[in-house]
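After the structure tokens below, expect a handful of questions from me.
As written, the chains take the letters A, B and C, and residue 1 is the first residue of each chain.
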Amino acid sequence: MTLSLSGVGLTHANGQAALTDLTLAVTQGERVAIIGPSGAGKTSLLRLLATALQPSSGELRLFGQQPWALSARQRQQLRRRIGLIHQSPPLPPRQRVVTAVLAGRLGHWSLAKALLNLIYPQERQAASAALARLDLSDKLYEHCDQLSGGQLQRVGIARVLYQGAELILADEPVSAMDPVLAGHTLEILSQEAQQRGSTMIASLHAVDLALAHFPRVIGLRDGRVLFDKPSQAVTPTDLEALYANAQLQVSVPASPVAPPVTLHIPRC
Amino acid sequence: MNPHRTVARDPAALPRLLLTLLALALLWPGLALSELNLAVLWQADNLATMGKFVGAFWPPAHDTDFLDLLLTATLQTLAMATAGMALALLIAVPAALLASRALSLSALPRGGRPAPWAQALRWPVRGLLIVLRSVPEIVWALLFVRAVGLGPTAGVLAIAITYSGMLGKVYAEIFESVDQKPTRALLLSGSGRLAAFCYGTLPNAAGELLSYTVYRWECAIRASVVMGFVGAGGLGQQMDLSMRMFAGNEVASLLLTFLALVLLADALSRLLRGRLQ
Amino acid sequence: MKRLLDLGLLLAVIAGVVAAFAYLQLDLAGLFSADSLRQMGQYAVRFLQPDLSGAYLASIARGALETLAMSALGTLLAALAGLLLALPAAGRFGGAAEALARLLLNALRAVPELVWAALMVLAAGLGPNAGTLALALHTAGVLGRLFAEALENTPAEPAQAIHLAGGSRLTAFLYGTLPGVLPQLLAYSLYRWENNIRMASVLGFVGAGGLGQMLYVSLSLFQEAQAATVILAMLVLVLLVDICSSQLRQRWLKA
């Protein structure tokens, strides 16, 4: 069992309930898509699974452990095994792609290696291989702010592949790509997950992609599971109920905009 | 399998290496020239001297005589900064008008770009402003102490000279940065340059000019605090004396006064600039 | 009402200026009288023939290099110390550390360089070492505050992402935060270097080495020709560093 949730609820700091009474179990090697209208709690659920958010109630288990009962050190060891792909990868705009990808394994590296890597990239071969899977090997030494939103999302995916995560969590991983590239990229991600025996959970707003690439689909609405079934079993009625009266989701462009450097110079 | 062969070498590696070598090559003589040695601070006798000195900081000197002296020195510092700024304005405004392209007549038919000969005439003024502001104010103070004697007069002149250079440059830039159309229209309709400046440029530039002037006044206070180290009056002179006499308690009082004065100037300058917005 | 207030403010400023002149009892008329101007002119004329002999130029060059080294190393030390203090001052190690670091930064910044130099001459003896330390102490306060602001304004997500993938706080900072703020830190340090070259050339007045010491000595000995050379050297040094710094800044901030 890779992860299990029982009766998990999440309330944001502003008092708004994001997730209510979630009970779920995902076994090793499963590939699950989460779909649902915007504001359904998909991102909250993924951030909860990535241990970025602490559940307000209920029990969360990852790889059989309760992350919030562990010591900080043990929790970091657990986090090495989890890779979160962000919708807009949070990469420093001036960082080079090679460094951004290699940062995936910082949890495994000694401090000395991490420092050395800043001066001279260490496992360039592996980073290049991860990028090559996503047809980006020619961007190895570019800066992140020179990439398009879709390229940047693929860099984020390459980082998690390089990390070798056993649990891959992906939040709208292909939202900034055109449909053909999005399908291709999900295909590669699925293949990689299968080869490594990794578990994969992805939130998607494109229902067709979810049904085509994931054997299991969870419909999430208002912080609750509306349905949880094999993708073949998902019916148009299910989808209608899921998206009833929901507004179309507007995808966020995933490009880091280098903020203009503002200097406040005290001149005396 | 050799990773260096299959993956392109890091193109930044060589520049980085060279830059590091260059930095080291510069750092080495730098360390030698600056005689940097932090260990000196922890030598027993130095530590004892400093300890005794700093130990005397508490309580700060607060007898009436010294407080009197402190008040006089503080007022002198404030007056030096204010008088220096007033004199600096007298030099800066005409210099800025001469250095700025905003009032160029030759620029009118040339789309805002003055004729080369007109630009050439501006350069001496600009050069003078650069020289005035590039020599630190305390060097001017030292020179004026020799020329006009010890006391605040030297400090006032030093601030006047340096700050006229800074103000002149920035004023000229401000004149050029505001909308040029009103001024140009006035010049084209035959008004005099000064009149065109007063009616065309000044209304738009006034806020920024005043705000910068107040800001510089604050800087002038910080500067005049240390003028006394070369004998140009104010708090610095007392500081120099107290340090020579190794009077830790007096130094402490002086430092507190420094702090209060700088904070006061900061608050006042913020208040004045706030009113301008 | 606002007009009246503005008018009052204007009158207050004018009164302040008049009071300043009155308090100092500046004899402006006497100062700009023909006699006094002639005397000043005579004094100034003695500066018009700088000593450009080879031997003196060589010692000037050494003084200039010393000044340059003091300013550069002082700024470098200050940047390192400033970064170390900026981390707690930006609230990364809790509230108590933040308050303490801010207090320390303000104290370092409040004391002018020249006063630090006088103190360091007491603590570390005469010479450029004292000057370098003085510059480092004051500048650490200035840069520390600016760095703390830069750190507070930089997005936290990149570092958080690395922390969530198992990276330690330190590596998350090095890979997630530092690349974002480094250009700003460099720009601030270069700006301070421009300021410090000016200060480094006057710290010698209190015995802290560099060109200032040479100027002070030659003026005390009434060697105006030598003093003029020193002033010229200062001017060249200041302009050189200004150009150098603005070039580097443009390079790094754009790249």
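Here is the rule we use: a residue touches a chain if its C-beta (ideal position, glycine included) is under 8 Å from a C-beta of that chain, and two chains touch if they have at least 3 such contacts.
Note that the coordinates shown come from a computational prediction; the quantities given were computed from them, not determined experimentally.
Novice: Taking the touch definition from the header, please name the shape of the chain graph: line, ring, star, complete or other.
Specialist: If you draw each chain as a dot and join those that touch, every dot ends up joined to every other.
Novice: Give me the ID of the chain with the smallest distance between its Cα centroid and the all-protein Cα centroid.
Specialist: If one averages C-alpha positions chain by chain, the most central is C.
Novice: Which chain pair shares more contacting C-beta pairs: B-C, or A-C?
Specialist: B-C
Novice: CA centre of chain A versus CA centre of chain B: separation in Å?
Specialist: Measuring from centre to centre gives 52 Å for this pair.
Novice: Report the inter-chain centroid distance for chain B and chain C in whole angstrom, where each centroid is the mean of the CA atoms.
Specialist: The separation of the two C-alpha centroids amounts to 10 Å.
Novice: Once you find the CA centre of chain A and the CA centre of chain C, what distance in Å lies between them?
Specialist: 47
Novice: Could you check chain B for residues that touch two or more other chains and list them?
Specialist: 222
Novice: Where in chain A do residues touch at least two different other chains?
Specialist: none
Novice: Can you tell me which positions in chain C touch chain A when the two form their complex?
Specialist: Against chain A, the touching part of chain C is residues 142, 146, 149, 155, 157-158, 160-168, 170-172, 174-177, 179-180, 182-184, 187-188, 191, 253.
Novice: Can you list the residues on chain C that touch chain B in the complex?
Specialist: Its residues touching chain B are 5-6, 9, 16-17, 19-21, 23-24, 26-27, 31, 36, 39-40, 43-44, 65-66, 68-70, 72-74, 77, 110-112, 114-115, 118-119, 122-125, 127-129, 131-133, 198-199, 201-202, 205-206, 209, 215-216, 219, 231, 234-235, 238-239.
Novice: Where on chain A does chain C make contact in their complex?
Specialist: 50-52, 76-84, 86, 89-95, 99, 103-104, 106-109, 111, 114-115, 118, 160, 163, 165, 261, 263-266
Novice: Would you mind writing out the residues of chain B in touch with chain A in their complex?
Specialist: Residue positions touching the partner: 1, 3, 6-8, 10-13, 16, 215-216, 218-219, 222-223.
Novice: Using the touch rule from the top, collect the residues of chain A that touch chain B in their complex.
Specialist: Residues 96, 98, 119-121, 123-125, 128, 140-141, 267-268 of chain A touch chain B in their complex.
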